[in-house]
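Naming follows writing order (A, B, C and D), and every chain is counted from residue 1.
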Amino acid sequence: MEIGMIGLGRMGGNMAQRLLQHGHRVIGFDPDAHAREALAAHGAGTATTLDDLIRQLPAPRALWLMVPAGEITEQTIAQVRPLLAAGDTLIDGGNAFYKDSMRRAETLAGDGIHYVDCGTSGGVWGLAEGYSMMIGGDEAAVERLRPIFEALAPAKDKGWGRVGPAGAGHFSKMVHNGIEYGLMQAYAEGFSILQHKREFALDLHQVAEIWREGSVVRSWLLDLTADALAKNPSMDGIAPFVADSGEGRWTVAEAIDLNVAAPVISLSLLERLRSRDADSFSDKLLAAMRNQFGGHAIKHE
Amino acid sequence: MEIGMIGLGRMGGNMAQRLLQHGHRVIGFDPDAHAREALAAHGAGTATTLDDLIRQLPAPRALWLMVPAGEITEQTIAQVRPLLAAGDTLIDGGNAFYKDSMRRAETLAGDGIHYVDCGTSGGVWGLAEGYSMMIGGDEAAVERLRPIFEALAPAKDKGWGRVGPAGAGHFSKMVHNGIEYGLMQAYAEGFSILQHKREFALDLHQVAEIWREGSVVRSWLLDLTADALAKNPSMDGIAPFVADSGEGRWTVAEAIDLNVAAPVISLSLLERLRSRDADSFSDKLLAAMRNQFGGHAIKHE
Amino acid sequence: MEIGMIGLGRMGGNMAQRLLQHGHRVIGFDPDAHAREALAAHGAGTATTLDDLIRQLPAPRALWLMVPAGEITEQTIAQVRPLLAAGDTLIDGGNAFYKDSMRRAETLAGDGIHYVDCGTSGGVWGLAEGYSMMIGGDEAAVERLRPIFEALAPAKDKGWGRVGPAGAGHFSKMVHNGIEYGLMQAYAEGFSILQHKREFALDLHQVAEIWREGSVVRSWLLDLTADALAKNPSMDGIAPFVADSGEGRWTVAEAIDLNVAAPVISLSLLERLRSRDADSFSDKLLAAMRNQFGGHAIKHE
Amino acid sequence: MEIGMIGLGRMGGNMAQRLLQHGHRVIGFDPDAHAREALAAHGAGTATTLDDLIRQLPAPRALWLMVPAGEITEQTIAQVRPLLAAGDTLIDGGNAFYKDSMRRAETLAGDGIHYVDCGTSGGVWGLAEGYSMMIGGDEAAVERLRPIFEALAPAKDKGWGRVGPAGAGHFSKMVHNGIEYGLMQAYAEGFSILQHKREFALDLHQVAEIWREGSVVRSWLLDLTADALAKNPSMDGIAPFVADSGEGRWTVAEAIDLNVAAPVISLSLLERLRSRDADSFSDKLLAAMRNQFGGHAIKHE
């Protein structure tokens, strides 16, 4: 079928390519000419404005939004909304906050426009391996897009599904990312313990490779960890600085809101915050307190 | 080659079977006649005493110990030690504490007996899929056992390796289990968040299946979780009571000993302790304290 | 000076009494006639409506709001706002979210009404011992209320202060409560460890009394804990169910928003959530997962 | 009464002084001549060898050991043991591991020597304010030392007590320190949150002073924190490096051994470990993993 792709960055560009590979017609829009040209080289049509994009698509239109969550998503939806007609479908494949998605679905429904929130996992590997997609929205709207999801997924009937009404897709993706934080932190701690056991001089890459086959902890993240350890076993030159994209924060807040204790997911987020605070005020205060009551020496900067 | 298997329980029995399937000759010993008979039905020889077992094996002997860690391992080694001769090899495939393994290796070395500690992962699935094995011990002793490890592993040259001297195998397996605790807890928390979001009425099994394909959180543990959710989506009749086998405790203690902060692995263990303390004294005291300072009502049992 | 007190519950009634004891004139309002009569018995004037209350106060008026945070505070401010005049001051002594306080200050400033947010700590003990007050708002407005704060505080110039602009008072109180959660949890855990060490048969009340004098952990919360342990050393009849009032949640969210890792405050909140989830879904799932991979027995409900 | 003090460092020297102030006769031993002379200036007798010390004391002797826990305590006890006679009492006032104390008590009991383990809290403030003492040992032996404990305590009948048999004193002190870690961490996190809220430009010292009077979080540790913040409000020149003395580690291990979940005490210890690991391997690995799956940029050192 035909679909417009708004946002041709790392994720959007790859997804458009995968759709092309599966025989779909894709019209891509991105303000960056290089991104448009790169996609055109794979056989896509392109548009230089949102107007142009929407004109090139047959009604009822399918538009896939793959732009950063937050302000840019909000603005882009505001821009396309007046250009769309009743019966069109807008899919947000980014990492929007699910309550924003619920609000957007309701607003667009007022215009007869279908809104589908598609939590998309797979990262840079999705082009080759397919994407895992948790989808929220009206059943009919999702069903109409079936050929698109079948093409993007790892297999026709695997790795994707409508999980509930609008918002349910991004909610599930949010929790997915919260779990991801926890899994990553568990591996990172484990390998750090191995690395600190100097007397055994363990080869971390070797251990990772052993675990990849037959062990209880085998996983795709372990596969990636093994690759990272193969390339750089002692993590030379890498700063101990871990970014977070926002979904972990939402998961922690949502868990608390639902009265669910999620200590491991929460701590995994906090560990990332801590990694970016080399000059921890609380640790300085702790050192000062110890000095106050016990006369313990303070280490000076 | 020929090998004696001491302990024909769930793990030992399965491993013996897998060795038989790969053409090795196995003599099995277990005090339980049913366990011996079950293995004999697969083509193994059996022995009714340790003496008998050792007599049936050609020198230099290879003996695989697959009994519960702790007292039973200690006693069994004490019993076989005087029966063995210089050049024989004893492999401990159980979950012994690595410092015990180091001590045992040193003691047995005094008799010229090789000791190999093999951390074994794979659970009840290992018979079909092969075991992941982290091995510690002398290079020559491990090398001599290569055909055994190749048969037990998922593939000839995958999922097993000598990671260091005696103790290094069980140390690596201990950390493996610590990671396992963290991974499990991360999934459990995530699915609990999904489950508590009643408004979306999410089908947890469906979400797990979607994640199994193409997502960042795909893993073998997720595969198992999906199976568990398929059978019993609301966990009916299952008590919120999580046992721990000891390796998590060692990992937490070892991390602290190495000055490694492992908050997620540590919290995963504590969550299991908490799951078994339905009558938490600290929570009662917290309720009493709130009542003391704020006059907040106490919920009575 | 003269002040109107809106809300004559446990906190508001006690604060009004303490003001009366210090020679201030208080007009109390509460929809509950019993609460009004109780305060009148201490020498306060009372009002049966907000209109009535405001009519009885000389301009520029001082009104102290001591009602539950959230909806009731919002509604009460909406009701009094049209009744107030430029120059009047409204103090919110409750546990409002500081961003709400900032918004309210701005809105009321449009009418020339001063808004002062006063985080108030002290609980049921404040009547006798005085309240600790962290105050946000215009300097002049706070200064005009000095006699009120001096009367409510433990001592004329102690235990109170203007800490910043509107919102700063409730922000500081929020963090105060976050710390409180952490302190309480630390004591609760410690006493639980003592209680579980059966071989020493420790008398927890005795230990608490020893710690109250000269130890590093002496505190007012320990004093209260000692009282609680004196009355009920084994916490008989108290359910392990710990409520939370909301300020801990805000503290956790705010810390994350500020990129501050606050693991102990966060875990203290999560422990309370956990205390109210006797039927933990995550723990059930963990038990099911262990059964899946290791064949470990599940405990049934 | 008469008592020998072994170890005249910060703690031992101060305690000896306090005993002198209360009219007791103290003979002090320390290998460091300066420490002996300093104490002699306060009126104590001194000894240059352990032999000499014990000769100067009348039977039945009372000897107070105030040396670092671990090897030095072990060696010192080994040295004094042959010099002591049945009926003598050895008090260990340091931070020994309680199982060591139990073992020592049993060994010394074989010689008829009483062993008393006294967990001592109070730090550098104990000289002026008195020490909090949790005492383990035989009732009669503890009772005989009553005048010593009454002098060291903040008040004759306050701040000290026999809490159980040998080991119970050091066990209680260990848990005391675990709680201390939790309390300190809670304050440190709270002040860090306040400090990061730049828009309010809070004066942390002022907030601490307000909380000291009438608030729920008032405590001696808060008093000290206020002092530290008064001297150095922005913690200038203090490294975010927090030492730990060992008792926190034991508390965490003991809690796990008793199946008590103590997340806040545990995390407080881990935060200290983390503070000393500026070059965290786990954080580097997390950054590398993010790069692997999402192409997220790595920050380079």
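Basically, contacts are C-beta pairs under 8 Å (C-beta built on N, C-alpha and C of every residue); 3 or more make two chains touch, one makes a residue touch a chain.
Keep in mind the model is a prediction, meaning the values are calculated, not measured.
Taking the definition of touch as given, a chain qualifies here only if it contacts subunit A and subunit B alike; those chains are C, D.
Chain centres here are C-alpha means, and the one lying farthest from subunit B is C. Centre to centre, using the average C-alpha position, subunit B and subunit C are separated by 48 Å. Annotation: 39 Å between the Cα-based centres of subunit B and subunit D. Measuring from the averaged C-alpha position of subunit C to that of subunit D gives a distance of 33 Å. Multi-chain contact residues of subunit D (touching two or more other chains): 123, 185, 187, 189, 192, 196, 216, 221, 259-263, 267, 270-271, 274, 280, 282, 293. Interchain contacts join each chain to each other chain, per the touch definition above. Interface of subunit D with subunit C (complex): residues 121-123, 126, 129-134, 136, 153-155, 158-161, 163-165, 167-168, 171-172, 175-183, 185-187, 189-190, 192-194, 196-197, 200-203, 206-207, 209-222, 251, 254-255, 258-265, 267-268, 270-271. Subunit B makes touch with subunit C in their complex at residues 10, 123-125, 184-185, 187-189, 191-192, 195-196, 221, 224-225, 227-229, 232, 235, 237-243, 263, 267, 271-272, 274-275, 278-296, 298-301. Across the complex, subunit D is touched by residues 216, 249, 252-253, 256, 259-263, 266-267, 269-271, 273-274, 276-277, 280, 282, 293 of subunit B.
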